[in-house]
Amino acid sequence: MSTKPKGLGRTILQYIPVLLIVALFFFPLFWMFSTSFKQRVDWYAVPPRILSFTPTLQNYDQLLSIAIVPLQVLIDPATGQPKINKLTNEPQLQRPSQVLPSDEYRELTRFNLFGQWYLVGTKSEFLRFIFNSIVISLATTVFSIIMACLTAYGFSRFPPRRSDNILFWILSLRMLPPVAVIVPYFFMFQAFGMLDKHLTLILVYSVFNISFGVWLLKGFFDEISPELEEAAMMDGYGPWAVFRKVALPLVVPGIATVAVFNIIQSTNEFLLAFVLTQNVATTGPVALTKFLPPTGIDWGGISAAATLLVAPVVVFTILVRNQLIRGMSFGQLR
Amino acid sequence: MAETTAPFASAAPVPAAESRFERQIWWFPRILLIPTIVYLFVMTVFPLLYSLFISLFRTETGRPPVWIGLENYGKVLSGGEFWYAIGITLVLTVVAVTLEVLFGVGIALLLNQRLRGMGLFRLLVYLPMMVSPLVIGYFWRYMFDGTFGIINWVINSTIGGLLQLDPPQWLIDPVLAAIAIIVVDVWQWTPFVALLAAAGLNTIPPALYEAATLDRASRWMQFRRITLPFLVTPLLVAILFRSIDTIKIFDSVYILTGGGPGDYTATLSVLDYKVGFTYFRVGEAAAFSWLIVILINIVTTVILRLITRSRRARLYTA
Amino acid sequence: MARVVVDHLHVWYGKTHAADDISLTVDDGEFCVFLGPSGCGKTTTLRAIAGLIKPDAGDILIDEQVITKLYPGERDIAMVFQSYALYPHLTVAKHLAFPLEAKKMDKATIAAETQRIAELLGLTDVLDRLPRHLSTGQAQRVAIARALIRKPRVLLLDEPLNNLDVRLKLQTRAVLKRLQRDLNITTIYVTHDQEEAQSLADTIVVMDNGRIQQSGSPMHIYDQPVNEFVAGFIGTPPMNFMRCKVERTRGRGTYLLGPDGFELHAGDALSAQIGDLPDDSDVTIGIRPERIALHTEPDESLPLGHVHIVEPEGNDLIISVRVGNAIWKVRATKAQFGGRLQRDIPVNLRIDQSKLHLFAPGTGQRIEVLNQVNLTP
């Protein structure tokens, strides 16, 4: 690398290809972002209006509007007493259509706080899908990390006979095409009545997440000098305490990396979520497939939804940019 | 004074002390490994076996399963769509991976320079691979649209206008659709290859370049003799992962073309899905899945062999 | 009383017999050093005593209690590792508290003990630091403090001074020796540095190839090595050797003839040592550098050599002399020779024959040992 001071021209020349590449890779994301602020008219405009359009928030409004309203008890005008539901013996509450701000809103769920019922309404089911995505990714990540930590440590410190084979099998699960399992999974979960349930996706995603976690964490555990654990043993700690107090604290960066990748992979997954859920437990990406009103694809809605789905990923990417290499190449192939 | 002679020679020594960690030492490794292995086994082996079962029997509701042997496999293998799907998938994979490797190395080299703001640039370039392929599929579908897609606008206002061409119908013409799919895949995953290549570049000791410059080696020579060998391993890893992932490709194809027009861009996974969930020919779909698994296993083994062979070769020449 | 007994210990690593029938006793309060080159079995034996290795055969006893199957933490032994094995995520204070927490002591006692041991080892200033902010010497002392805070019966050390520079090494050596005496704790120390062994040990156990070669006090091992290996391993510079043949045919007594014209006329004592060895039999002679005197005036009765290099060492000179087919080292003072020794001048070697050792060429055993039934230490 030359250390001569560079001329200004030379510097500019060096920047140009870099900027071109960056623009090329960044443009589609930017285009998606800008489309999310466009009105219907502008979606189909030719020539495409990159900056010369009137922005609107209606797409986001459609997706994100949420209303939380209290539900009052219905009073019988004649008696002045609360009306009781004959079947459940509980006071009747107002109907959603009576309390929601407009008829664009539909009920999402209701909850009870300190004895007062509240109704949550949204303009679209998108928030529910986001909620599902969050719940499912967090749940599978927590579960997978616990399992992966234990297993990776086990393979690192207590390799069983033929551990190479078992380990290879576990790591090869990452290569499993989801297509290979959707048919049997569909029938199996259908038989157990578990289609369209959150637990189903959590269980399924954990397979891939655990596999990834074991691969990554075993490398981290391998790097801990055994002398540290021997010292802890001599200090009087049993194997479980040695794991908890010495080994685990030292792989926390690895755990963080696994967690982030698990969350990202779980929120991005499409095929399994598409097949195994319908409406109740559907996740983010699948939500995009629902933007098909008869009037043609709702491009504004899709862009807004896409932006919302991509934003957290961008944040996470910034967080793990240093661990990207490790995670993506899964350490060294032996 | 220490002695090296007779062993400890008093009357019968006190019996060996019992360790209170004995039980923990027995349980601990098993708790670590068994739950996960059982879980993964149940979640993968059972479904695969069940899939095998479905592929070998005719399962209709209300009737007991009937053994039909390899009939489903026969149907799949004899149907033209299967072989076409293999063909289109392999073409896709080879072209996409090759482009990704070439561009990836180029980008890695470009981004390796020490310029201001490079950290930010790298971040922006690495974004595409972190986003859901489905979302990306939708996006590019918007951009590739024959009428209002921005790509056609760019083409029309430059080359197309000059040459008086019709605007290409990307998602309708079979060949163009395949190209579109390749473009999307390359766009999304070249950063992945670039990332691995960049990691490889970082392992090169700068002293090698300094020594080469002292020896008056040309830049091209330095690239060939120093840079490339260090890139071989990360690139092989990248090729392995990208090949497997491209063979499995589903999300972007499904959204861009749905396998269409007709089944012209139906890659293996997409076709399998269609057979199983659109046409509901479940037995065939199961057989198809197994064939895909076998194919992927073969490809993985071949590439892994190549990697270990290249490693061994380098050990001997290094 | 903390008396450590190793009883017929065997450890195999695959096909390698790392510890081959090791039996030894370390008395209460004794500082015992396991000495030998890499791979001789000293670390293996130490780790078996610590409980980090399960022996394939044999037992370890402490105070007549068989502890071979006990988990390391239950043996009431402490160990200082070569790499110090400090936990990167714990401060010094937490390091010291760590072993006591395992015993579930109360906070007040732990704090008091931590303070006590920190004062003993001069660590009071660094109690809040993490290991990566400690100097090597400080890290060393933390490792020792962590081991000692439990007041263990036995202290094991695995080449702890290896990573230190020379000055720090000598300082820490003195600290260790003093500490051990003050605490009167049974100590087993592993090293490959024979100088270190001599300076620290009450008893040295010299090992090679998984077997104990000799054990005894440093002085005893220095003066009466039992075989060629021990003789050559101990001492700086090492003992000089030469392969010779016995010859009595010249009529003027016994000669030891070496290659390239080396001739040594054996005096009475040496002839007695040679004893009945037949003519023409091979022996290896060994003589320490400080037992040779150089004469610059010619003397035909003495073996001849040529000066090769002169290396000053403090107040002494280490003179390398080409003798026979070897280069021998001779220790002399600066006062004796000043600058008078030039390269390649001929010199005669007067060897102190009472300190000359004879070794059997095949086994390396000292011939005196072979001839005697008991070797009194």
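We just call them A, B and C in the order they show up, numbering each chain from 1.
Quick note on the criterion: a residue touches a chain if its C-beta (ideal position, glycine included) is under 8 Å from a C-beta of that chain, and two chains touch if they have at least 3 such contacts.
Treat the numbers as computed from the prediction; the structure is a model and nothing was measured.
Of all chains present, the one whose mean CA position sits nearest the global mean of protein CA atoms is B.
Look at the CA centroids: the one farthest from the centroid of chain C belongs to A. The interface with the greater count of contacting C-beta pairs, when A-C is set against A-B, is A-B. In terms of their C-alpha centroids, the spacing between chain B and chain C amounts to 57 Å.
Computed from the mean C-alpha positions, the centre of chain A lies at a distance of 62 Å from the centre of chain C.
Taking the mean of the C-alpha atoms as each chain's centre, chain A and chain B sit 20 Å apart.
Looking at chain B, residues 21, 25 sit in touch with two or more other chains. Among the residues of chain A, those in touch with two or more other chains are 238. Under the contact definition stated at the top, the residues of chain C that touch 2 or more other chains are 71, 73-74.
For chain A in complex with chain C, the touching residues are 225, 227-228, 230-238, 241, 246, 249-250.
On the side of chain B, the complex with chain A involves touching residues 21, 24-25, 28-29, 31-33, 35-37, 39-40, 43-44, 46-48, 50-51, 54, 107, 110-111, 113-115, 118, 121-128, 130-136, 138-140, 142-143, 147-148, 150, 153, 157, 187, 190-192, 195-196, 198-199, 206, 209, 234, 237-238, 240, 244, 247-248, 250-251, 255, 268-269, 272-273, 276-277, 282, 285-286, 289-290, 292-293, 296, 300, 307.
Here chain C touches chain B in the complex through residues 5, 7-8, 23-27, 30, 32, 59, 61, 64-71, 73-74, 203, 205, 212, 214-217, 377, going by the rule given at the top. Across the complex, chain A is touched by residues 50-52, 71-74, 77-79, 81-83, 85, 87-89, 98-99, 102-103, 146-147, 150 of chain C. The part of chain B that touches chain C in the complex is made up of residues 1-8, 10, 13-22, 25.
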